[in-house]
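Look for subunit A in each of the two complexes below; its partner is subunit B in the first and subunit C in the second.
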Partner chain A sequence: MSEILSVRHLSVTYTDSTPTIPAVNNVSLSIHDREIVGIAGESGCGKSTLINAILQLLPDSIVDMEGDVLLNGQNLRTLDRESMRRLRWMKISLVPQSAMNALNPIMTIEEQMRRIMEAHWEAARPGEIVARIDETLEMVNIQRQYKKLYPFELSGGMRQRVAIALALALRPDVVVMDEPTTGLDVIVQRGILMEIKRLQKQLGFAVCLVSHDMSLLIELAQTVYVMYAGRIIESGPSRDIYRQGRHPYTRGLIACFPPLQGSQRTVEGIPGSPPDLGQLPPGCAFHPRCPQAIPRCTDQSPSLVNVRPQHAVACHLHTPDIPSDLVEASHDRA
Partner chain B sequence: MRYVRRRLIFYLIAFWTSITLNFLIPRLMPGNPAENLMMRMHGKISPYALKALEAEFGVFQHANLAVQYWRYLIALAHGNLGVSITYFPIRVSTVIGQSLIWTLGLIGTATIISFVLGTWLGIWVAWHRHTAWDRLTVPVAMFTSAFPYFWLALIVLYVLGFVLGWFPLSGAYSNTLPPALTLPSIADLLYHAALPALTIVVVSLGGWILSMRNNMIPSLNEDYIQLARAAGLKERTIMYQYAARNALLPNLTGFAMALGFIVAGGILTEIVFSYPGLGFLLYQASSNQDYPLLQGLLLMISFAVLLANFAVDLLYGRLDPRAARSEV
Partner chain C sequence: MTEPEGVPILSLTHVSKTFFSGRRSRIDAVRDVTFHLYPHEIVCLVGESGSGKSTTAHLIMAMETSTSGTIRYQGQDVARLRGRSAHRQYRRAVQMIFQDPYASLNPVHTAGYTIGRPMEIHHSIASASQRNKAVLRLLRQVDLTPPAEFYYKLPYQLSGGQRQRVAIARALAVQPALIIADEPVSMLDVSLRAGILQLILQARDEAGVTFLYITHDLASARYIGDRILVMYRGIICEEGMADAVINGPQHPYTKALIEAVPNPEHLEDGGTVDDTVIPSHPSAPASPGCPYYALCPVSVAECQQNLPDWTELSGKHRVRCFHVADARHGVKT
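Coming up: the complex of A and B.
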């Protein structure tokens, strides 16, 4: 498996407000060929900013960016506008958060797909575009005659399928999915997720799946990154995160959802709410909500360290100079 | 098409209501307009004209309201609006017909230029909303759209027409050059229309710029714009086909109103520039108590408003599929 998308020490600060808001702070992640990578976190933790930064959608006039985004080894941050425009959707596409509002209300499904394809397939004959539209819609189980309809004439689930078809129309290498099933009922959600999984196998694209739903990420993704207050606080193979998630926040997220298999467990929430990104608490940003906070959490920011190969966590409880009995104790609780 | 039929029925009812009100209002007013007219004409009115006027107003003592209404409808169906007093003995329909072309030509063209230019500038300014152009355009547009129209028109006429003598002071064409489809005549018509058209555009342009800009800015934050960007559509496509097409829809209603009021809206322009259009005529009709002419003009205005709204409704149905399809 070769690395296809690599984000290196990416920081994004919104400069259009006072105080400036550091929405993404030193985030590194990598996505390999045909891999599904999950990014977890509550609303307001910087997930959407991270996606927009990866896709180079944040205007320079409102943000300050540092770090690199490499797609197939090419640094997207140094590309000129027109090269970036040509690369969009051909290499990296997006399934937006709300398909309800992400489709142009006054254009038919077919016209929206056609316009995007025409912007990239400049030499294509109309027949090729039509064939590709039909083929892609069929893949997401939308009957061919529905392409003449307008978004308001489709159900929520169908709109989401159209959004997926739109993202796959040019067969990109990486598809970023921002909460692709939020706002749909559970049964429809399930169907869409199974479809994403099937299409991913069939077409072989890599997925960057962003969600607050930890159970969904653990089920679908091979690797999970957990974000809190603009930082990655834990990352690792999804199996390890689920069974041996170390950060109290990760375990809190897992406890928010009933287990998929095995015995019943009490569903818990995480008390409090995510901090205001403009006024982060000192030390570990999670400490005001953390049930296991120790004195140094309030003044020292923990850095991301490997606890095992491929499994990293940013928590003082798991840094080596912590008395081992405290760490053990925290594990027993999990 | 179901949508077109429903709109058409609605406008036919609205039109019938307006002609009925046009019939009733003069009859609800105290006094008898025909008697007023006889007094104003010092008895010099011919028996034939008096009869025609009486028929127009329905001031027969013996006929009941239903009969009068029926006669009124018949006359209307024949395009018979009665005889003007100011331009006695010319028919009202002829008088209106002669003025209509000037109003449509001047106010109509100026309104369309202003809408198209203002909408385009609004789109452009909204697209460049973080630049100095936007910061400059908004206050300037607010300033010009707050001008009192008659004041601007008088200043422009005084400075450019009277002091500098660059433009004619009045009329739609030179007396020595009657309107015709020849190059010098067309140039002369444009020369006479330039100042009044300029003043209309200056005063109304700001409103179109601001309303289009204000529709565009929320539209630019829509998710489908963000998606179009992520999809690598060309800037022009996103600007016009995605953002502007959606933002234009609320503005069309305003445009329909403006089109409808072309017929009436030129009063100040035509008075200041002595332009021989419907507004000038309306002013004369009301100052001369020319009831048949007034009634004809009011009918004309309501018809124009309804027609313009109907046309824009049809356009709206084409541009916004939700309007056409969701209406059951």
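Coming up: the complex of A and C.
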């Protein structure tokens, strides 16, 4: 499998507030051809900032960015606005959070799809756009005649399908989905997830799936990255994360949904709430909520190190006793 | 019968609610629903969007009136409540927690005011200083500590989970006997849900509150519920003790609902998700029969004609499906 999207040592700091807010801190991840990669984390952990940074949607005037985002080997950070605009929807697209409310309420479905295609698909021949609209809507199980309707005339699940159709219309290589099923009930959610899987096989795109629902990510993704306070704190194949997740936060996320099968256990949840990204605690940002914190956690920030091939964790409980400043230095690109 | 022994606190008997819009459009939101809630129980009403769960809640709260059937709270017909004080008494006894804590709290009122106001309205605690003490106690009870600090917080200063805790404290403020909780955790991060479920269990165990917990999530229903009622397009199609329904679902719809829950045990190997076939959203026309007939993988002609009657199974478990009835019948003869 070849690497399609590669994020290398990406840091994003919002500079429009005092103190500045380091929302994404030295994040590296890679997404391969036809892979579904999950990013897990609670509200306020920097997931959405990461997505916006990948798509180069954050205005330079309010953020400081470091690191690289490579799409098919091309560094998106060095592109000018116009070149980036040409790539969006064609090569990389987004299903935004609460996508069902992201549609323009005063435009028909067909009109919204047509405008996006006209703006981005320069090589389209006459008639091709209309044919593509019908074809894409059909792929997401929306009958052709519904394209004449306005968003308010569709159910939440159907609007979500339209948002997915928009993202797929120009057959991008990577589709970023920010909480694509939050707010939908389980049956509709299952239908949409199945459709994403089916379309992914059919069209062969890669998916970056962002969600707070670990059970969903583990079931759907091949690789899961767990984010906390702007950092990746654990990453690995979803099987390893589920069965042998090391970080207490990962374990907490897995333990906080009750099981449907097997013996009943008490669900713990994770005490407290995620830290304010502008005022992160010293050391490991999770230590105030961590049931297993040791003295070192309060003053040294753990680095992400491999505990097995492909499985990395940033936790003092699972890393050998290396002074953290040395490990940080080796991670530094300079 | 299928319910625990004792005198029910709330009884719905053959309750139906039909909405008409225009001359031709008729929606049977609730059809012939019968169930009883017994003191200190947590009963989960489970179903997808549009199944009639919320309409059932609104009927119980007397926010809507039923088309037919009766709803009795401690023997008293809710539809026959007359006058301000009767309604007020009922509201004090039966409280509600709403789905969206971003919409259910007044944005200009502090947490303390929001929780204290019901006590004032219902005169449950007359003196202001006593009321303040009670508010602080409730804030502590729902883990908003230090309470003196949270007292003055406005909703925008609180996270979703904290807001829902304020909403729960507000419902508990007038010491209700019954709380209707309409999807109280579905808008919250998964990591915060466990805490809210724990609060509900605690309110039942310590304050003796009975809960009707409305959800589309069977996993949380199994976790929190003593009994589960599965609702589909207005009818209750299966009910029983939580474990009996989850471990031995009989109705094809309940089976589909269980299949739909994300399950990390189905680890991604490339096939599991596609193998589960669940028909998508119902657009089948209304029929006098079983509402699931059009999507049901095992439906027969009879399903469209007639609504199946209850078939009683063991484990306080019963189901409305001809197939189960036939199988039972076959075993007996």
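Here is the rule we go by: the second predicted complex is superposed on the first by the 308 of 334 C-alpha atoms of A that agree within 3 Å, B and C clash if a C-alpha of one lies under 4 Å from a C-alpha of the other, contacts with A are read in each partner's own complex, and residues count from 1 in each chain.
In the analysis below, contacts are C-beta pairs under 8 Å (C-beta built on N, C-alpha and C of every residue); 3 or more make two chains touch, one makes a residue touch a chain.
Keep in mind that this is a model prediction, so the values were computed, not measured.
S.K.: Could you classify subunit B and subunit C on subunit A, in the superposed arrangement, as clash or fit?
M.R.: Subunit B/subunit C on subunit A - fit side by side.
S.K.: For A:R86, using the defined touch cut-off, is the partner it touches subunit B, subunit C, both, or neither? Pick first, second, both or neither.
M.R.: Touch status of A:R86: first partner only.
S.K.: Once chain A of both complexes is superposed, is A:L55 in touch with subunit B (first), subunit C (second), both, or neither?
M.R.: In the superposition, A:L55 contacts subunit B only.
S.K.: Rounded to the nearest 10 degrees, how wide is the angle at the Cα centre of subunit A between the Cα centres of subunit B and subunit C?
M.R.: Vertex subunit A, arms to subunit B and subunit C: 80 degrees.
S.K.: Scan A:D213 for contacts with subunit B and subunit C and give back first, second, both or neither.
M.R.: The second partner, subunit C, only.
S.K.: Quick one: classify A:G67 as touching subunit B (first), subunit C (second), both or neither.
M.R.: After superposition on chain A, A:G67 lies in contact with neither partner.
S.K.: Which of the two partners, first being subunit B and second being subunit C, lies in contact with A:G269: first, second, both, or neither?
M.R.: Only subunit C is touched by A:G269; subunit B is not.
S.K.: Tell me the contact category for A:N101 with respect to subunit B and subunit C: first, second, both or neither.
M.R.: first
S.K.: Between subunit B and subunit C, point out the one touching more subunit A residues.
M.R.: It is C that touches the greater number of subunit A residues.
S.K.: Report for A:S238: first if it touches subunit B alone, second if subunit C alone, otherwise both or neither.
M.R.: second
S.K.: Quick check: superposed on A, how many Å separate the nearest Cα atoms of subunit B and subunit C?
M.R.: The answer is 9 Å, the least C-alpha separation in the overlay.
S.K.: Is there a shared patch on subunit A that both subunit B and subunit C touch, and which residues make it up?
M.R.: none
S.K.: Within their complex, state which residues of subunit A touch subunit C.
M.R.: Per the touch definition, subunit A meets subunit C at residues 36, 42-43, 141, 155-158, 183-191, 193-194, 197-198, 212-216, 218-222, 238-239, 242, 252-254, 256-261, 264, 267-271, 273.
S.K.: Write out the stretch or stretches of subunit C touching subunit A in their complex.
M.R.: Residue list for subunit C touching subunit A: 48-49, 159-162, 186-187, 189-195, 197-198, 216-220, 222-223, 243, 246-247, 256-268, 272-274, 276, 278, 280-281.
S.K.: Quick one: which bits of subunit A touch subunit B in the complex? Just the residue numbers, please.
M.R.: My answer: residues 55, 57, 59, 61, 84-90, 93-94, 96-98, 101-108, 115-116, 119-120, 150, 152-153, 166.
S.K.: Subunit A touches which residues of subunit B in the complex?
M.R.: Residues 130, 222-224, 226-234, 237, 241-242, 245-246, 249, 319-322, 325-326.
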